[in-house]
Amino acid sequence: MNKLQSSEAQIDHIIDLALAEDISHGDVTSAALIPAKLQGKASILIKAEGILAGGEVARKVFLRVDPSLKVKVLIKDGARIKSGDIAATITGTVISIFKAERVVLNLLSRLSGIASETAQYITKTQGLNVKITDTRKTTPGLRLLEKYAVSIGGGQNHRFHLGDGILIKDNHLVALRALGMSLKDIIAKAKQNAPQGLKVEVEVDTPQEAREAAAAGADIIMLDNMSPDEMRHVTGLIPGRVKIEASGGITLANVQAVAETGVDLISIGALTHSVKAMDISLELEPQTLKIP
Amino acid sequence: MNKLQSSEAQIDHIIDLALAEDISHGDVTSAALIPAKLQGKASILIKAEGILAGGEVARKVFLRVDPSLKVKVLIKDGARIKSGDIAATITGTVISIFKAERVVLNLLSRLSGIASETAQYITKTQGLNVKITDTRKTTPGLRLLEKYAVSIGGGQNHRFHLGDGILIKDNHLVALRALGMSLKDIIAKAKQNAPQGLKVEVEVDTPQEAREAAAAGADIIMLDNMSPDEMRHVTGLIPGRVKIEASGGITLANVQAVAETGVDLISIGALTHSVKAMDISLELEPQTLKIP
Amino acid sequence: MNKLQSSEAQIDHIIDLALAEDISHGDVTSAALIPAKLQGKASILIKAEGILAGGEVARKVFLRVDPSLKVKVLIKDGARIKSGDIAATITGTVISIFKAERVVLNLLSRLSGIASETAQYITKTQGLNVKITDTRKTTPGLRLLEKYAVSIGGGQNHRFHLGDGILIKDNHLVALRALGMSLKDIIAKAKQNAPQGLKVEVEVDTPQEAREAAAAGADIIMLDNMSPDEMRHVTGLIPGRVKIEASGGITLANVQAVAETGVDLISIGALTHSVKAMDISLELEPQTLKIP
Amino acid sequence: MNKLQSSEAQIDHIIDLALAEDISHGDVTSAALIPAKLQGKASILIKAEGILAGGEVARKVFLRVDPSLKVKVLIKDGARIKSGDIAATITGTVISIFKAERVVLNLLSRLSGIASETAQYITKTQGLNVKITDTRKTTPGLRLLEKYAVSIGGGQNHRFHLGDGILIKDNHLVALRALGMSLKDIIAKAKQNAPQGLKVEVEVDTPQEAREAAAAGADIIMLDNMSPDEMRHVTGLIPGRVKIEASGGITLANVQAVAETGVDLISIGALTHSVKAMDISLELEPQTLKIP
Amino acid sequence: MNKLQSSEAQIDHIIDLALAEDISHGDVTSAALIPAKLQGKASILIKAEGILAGGEVARKVFLRVDPSLKVKVLIKDGARIKSGDIAATITGTVISIFKAERVVLNLLSRLSGIASETAQYITKTQGLNVKITDTRKTTPGLRLLEKYAVSIGGGQNHRFHLGDGILIKDNHLVALRALGMSLKDIIAKAKQNAPQGLKVEVEVDTPQEAREAAAAGADIIMLDNMSPDEMRHVTGLIPGRVKIEASGGITLANVQAVAETGVDLISIGALTHSVKAMDISLELEPQTLKIP
Amino acid sequence: MNKLQSSEAQIDHIIDLALAEDISHGDVTSAALIPAKLQGKASILIKAEGILAGGEVARKVFLRVDPSLKVKVLIKDGARIKSGDIAATITGTVISIFKAERVVLNLLSRLSGIASETAQYITKTQGLNVKITDTRKTTPGLRLLEKYAVSIGGGQNHRFHLGDGILIKDNHLVALRALGMSLKDIIAKAKQNAPQGLKVEVEVDTPQEAREAAAAGADIIMLDNMSPDEMRHVTGLIPGRVKIEASGGITLANVQAVAETGVDLISIGALTHSVKAMDISLELEPQTLKIP
């Protein structure tokens, strides 16, 4: 889980929040029905095709609920999976397994959904010299995990925080132009004031603006909602040391066309804001059950 | 926001988490470019059709970032919205507005996406005596808000926590049958041990099991992944005082057919696990800008 | 501790709060006097009669203060105890044992006090088909643990949260009657709007209201502060499928008389709001002390 | 609330914990029945005799749930109250009042119970030059509020934390004697090592030990479980500059006899470990209800 | 306080932590002596020369302790101050002022110490085209505030987090050279893998390495512990588009010499790791005291 | 680490805060460059002379980031160290070691700086019967650790909290004299109202006030900013049972002269408010690196 850029403490916090939300005062169904000492084994069963992400997170959830559970993660994050695969097995007290089940599946199916969708974009642009990146359009509270899932799917991580990069967006330009500044002035000021270590990126709407931005010294130029033809026009105009990012309205249907325009980066908000969860379930294995 | 079942403190916590994640050490772009005293007005612009959810949550985010902002929520949660509508306006320090922007939009577009999708299911089943409900397949950390959005879209809220209802699912049955109990025994034990105030619901796979469950005294019977024909068979068999819930594989394409089988409830995990965010943006109004 | 319906994380949180409150900047007495390396063994000594509750919680407190302590819990929660019993022994660094002592005893004596009191009500109603339940009148912050102690003493857990059941109380009736609704209207509306899975309970003051409530379809009827004679009158009137709960003013002196009226449930706020702590102490064993 | 020794932030934390525990996902009964816009007024009704404590805490709970509620605290903490008194009124949205109700009453009835019990000990010892103090035997999480209630009832606050005073208890003596130290050695070491500003108190079991402790320079001597006769013997022996504290087994029945022995302080764990909640309720006033 | 790059919620958290640590169970001295209703006015008195930082943070501390205090901040952050200046006045309940005093002064004297020290470096390098920056060598928990103070003193903020910039340090080079990579390989790999928006900085020990790093495409080169002569050698070698950062062993005594070598940035850990607190006190104004 | 007066839980909290602040979304440099599986060994290298403090805290940070790291602490807290010493070694995944590095060094260099500075004061006053103590002028959030470091350096810990001792300071006297009380009245009231177990300390500006304070029964007298001659005058006047504390303006240059005046305690705010961090680094050992 080394691509998961955080300390154990942060992941613990997210897991605790999810558990608190789900089991607060316990599992009344299990309490009413399942013998407290019943031991057994369950499997995490994959029911769709894609890329697994979250196996180690799932392990942590089970252990957070009950440190005595034994969790074997059988498939590594990033592996291609198909219906019928067993991602992990869990052995121990059955009511503990049931307590963790929903939080595990909610995380695993969401992260695997993101990784799988990302991987499809990667496949569509294979052989083209372009990177697929996420955005800050993530689910509140889950950014670290969602960006991890994008990286597992083969994508790049764009800014984590507002503080991670200079990105002059449409609203900044609106404000600064209202104060009488030109695009050139704005980029010059950004380069002057940017914290050391951060490049200056600017969002533009037209090829003409892209040219001005490059001339003013922008490190990266984001083309907002341009057509592939306009993008190709821009990549022809701009010197190679300036990176070009395509953004807005990019789907699996048009990503290849966009990639072929020669842009360096394609950022896709839907990777994290409109996720389709992967179908994954937990299956108890009846023949393993016993009361010791 | 009275349908949002929680205290102010809980919502504050969710908002703080989202802000910490997004702006931790601030907005370096605005810091580099935008005059600290610049005042202005921005609008929350709707760019798609659907149902708004989250207007008051958005207000809270803005005020949490900067209590001196003035936020006018112009459209109430639950109202039908279309591209071009202004959901709210915000007046005050521009860099405060920019700090809050992404968290506001991430919440608003997600909640409105959920409410809008729910409303489509409601429309498809109009006139039929059936309720559309969510599940516990929510995003970790956002359950309260996501279930609120479902209710705004016209849906019902199923269990919030594992402790909110007796729901005997497939894995419980696997465990208990392995211990030699029949469906009848299981339901009897659940009724005996259920906390007062909670009904007993059981998941079944066949009409025959549904009949047994009803005979054994189940209050609600969940039909898992049955065809509409099987469902209609079950609703014909079971006396009216027992509620029937359809679950599994239900989409906008087949929800009407399912509803017409006479089931009482239709639960749909995708309402919250596979959300399509609504397209919403924040637009600064240049003519309002001034440095006092 | 499987009856303790929560995750490890939640119990950890309660323990951390208690420790922070008690030892914030440490034990100045031990720091001034006790050699840092002194090792020894201490016992948790029971000094009264009753039912033990909290043994595993105590273990967690010791380990939270110092993971190197060895804790043996000798008596299981739910066991009958008497003066002179040793509930647990702790071996390790003496100043760690002293740091944990007060929090351990405060929890253990409170939880055992609750379990013991509950058990007395159970004894008084033995052989009668009635359940003793707690209420939401718990100590702020300790609800999970206090309800656990009630269950250990043989009681049932009533609602954990306001969201766990429909309970139409006196103030709801006051409000709704002021709006012109009859008891029948109110119960009908509750049944219509109740989340799936929750029964509808209503509080009544007279046998006449009880009859109306039953006729209107209430699942459970709470008799508030009725005399045993009135209760018996009600249980004679109401069909068996409707549960009857007695509430208000019930003590060890009258609980048997109440139980004999045929009510199904007796709820007792004093189980948790007016607890008598059990006398329990920690005793260091001098012959075990050594500085390695 | 100036006797409540803490910052607003700390009290907010306790209140948030209690609310999270009680209303997590809301009040389903009110949601099902009470119109969201219904406005009205409710009273906090006292139903027993004693001393009020917690009025301002109650106000904070109401405002934490809904800042738009209007709360008038009519009786100050420390005032003598009787059945029928109205401690406060609350005006605003009815469902907000209902959400806060249980947490308010749980806190108010507990704190008033503690203040009332303390006041009875004060009354019993009136005219005698003795102080009634609490102990560290408080409910985990509520120490600040419970000690506040003791002070409201006229008692003194003993140590808040393990770090607040040197108190050499039985277990310390056991450990140190096993290492070969005499009582005199132990007290000398404590005086040498005590942080500046802290007095040295020692627990003794016999008048002989009390004399030794005084000779060794103890500032305060705690007599553990002595009879009044023994206590009187000690107070006769010990010079006035050394304070004498009686502890263990003191009740309303014997506190006067103990006080008359001439001890300076009487500490009573039961003030906080075995509280009897005061009977207090919230009553909605039907004639005030309206939907604006 | 717009340079303070964070939300209100984050600052609140830091303040709460400091208050919890300082006043946990209150101010026993004030409780013993100061009438609870005593009102008055106090001043924040500057007793040294430098730059003020933290005025608005101080205001927040006072209001967090008691929202009814009136705080007037008389001097803006960044202003030059001298002994005898009054930075702010506070009016209200005296015991509230005393509760907040130490936390206010601890923050204010620390932040002003940092700003003042930073300003001295700025003065020493005035007229030279160089920026003074901080490092990640901040006090745990206070990074946001300490970096804010550096910016107030005229410095630049270097990386906030490990995730804010690519900085290839000595230990990275040790690891990668052990794997057989050359400096050129390392920089190429960093440029390939760096998140979009981040420049690549590398630490070098010799002019020769600096030249290699520039040739390999490093955006910024950090000269570790070089003499001014070596630095001048490097700045002569390296093309202007590559930024040069001096680091290690830089003090007020040598900063001008370093700046004159033509480096672009000078980073100084001591700005935050070895702070000299400014002498600032709170003075109650006796003539303003009254009990209303 | 037994002098570190707190539970494990509290230290964990401080560490988590520091880690969250430093690595939030990870170490982009290591992610870009260092193979995830690279294993190796690193040393904590001391680069200055002094006293080590924080070795066990450092261990905890490493384990919090990655529980699989092996940490050997080679030098105990309190030991004298010199440039070239190895305080600890860490073996395991290299990127985990790098993630923890900055937080470890920030804590260790700060705590060792405090311990070393304290030790210098101790050395200067060796053979004189005086204690060196810290104050409440600590860094917000780090009080426990900073006071621990003072104790490791040989100093005494003064009050931790405002609630830990009665200390009548200048502002208290200003307030109370404005109300017409004399020094004698004030001390008498403090003695009357002080919680049991706390001594009464008073700050005075002149020998005359010191005499009055002693006559009025103060337990400790703090001489604020007096010259050594004045201090000697006071110590000659005051009976031995009253402790004398020197405070204000004491440095390594004058501490011996102050100590020789016969005062009992010398308190020094600069020990914690103006710390000079010790130079300590982490060095990766290249020959230990391997990819298993």
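The first chain written gets the first letter, and so on, giving A, B, C, D, E and F; residue counts start at 1 in each chain.
Convention: a contact is a pair of C-beta atoms (placed from the backbone, for glycine too) under 8 Å apart; a residue touches a chain by one contact, two chains touch by 3 or more.
On a predicted model such as this, the values are computed, not experimentally measured, just so you know.
Trainee: Going by the touch criterion at the top, tell me which pair is linked by more C-beta contacts: B-C or C-D.
Mentor: C-D
Trainee: Measuring between mean CA coordinates, which chain is farthest from chain A?
Mentor: In terms of C-alpha centroids, the chain at the greatest distance from chain A is D.
Trainee: From the mean C-alpha coordinate of chain D to that of chain F, what's the distance rounded to whole Å?
Mentor: 33
Trainee: Using the average of all C-alpha atoms in each chain as its centre, how far is it in Å between chain A and chain B?
Mentor: Distance between chain centres: 21 Å.
Trainee: Roughly how many whole angstrom separate the Cα centroids of chain A and chain D?
Mentor: Roughly 51 Å, centre to centre.
Trainee: Report the inter-centroid distance (CA atoms only) between chain A and chain F in whole Å.
Mentor: Result: the chain centres lie 43 Å from each other.
Trainee: Of all the residues in chain F, which ones touch at least 2 other chains?
Mentor: 5, 23-28, 31, 99, 143-144, 160-161, 163-167, 195, 198
Trainee: Name, in rising order, each residue of chain B that touches chain C in their complex.
Mentor: Those in contact with chain C are residues 5, 131, 133, 156-160, 163-167, 195-199, 201, 220, 243, 245, 265.
Trainee: Per the contact definition, I'd like the list of chain B residues that touch chain A in the complex.
Mentor: Touch residues, chain B against chain A: 14, 17-18, 21-35, 38, 40, 42, 94, 98-99, 101-103, 105-107, 109-110, 113, 136-144, 161-169, 171-172, 174-179, 186, 189-190, 192-195, 198, 269-270, 273-277, 282-284, 286-287, 289, 291.
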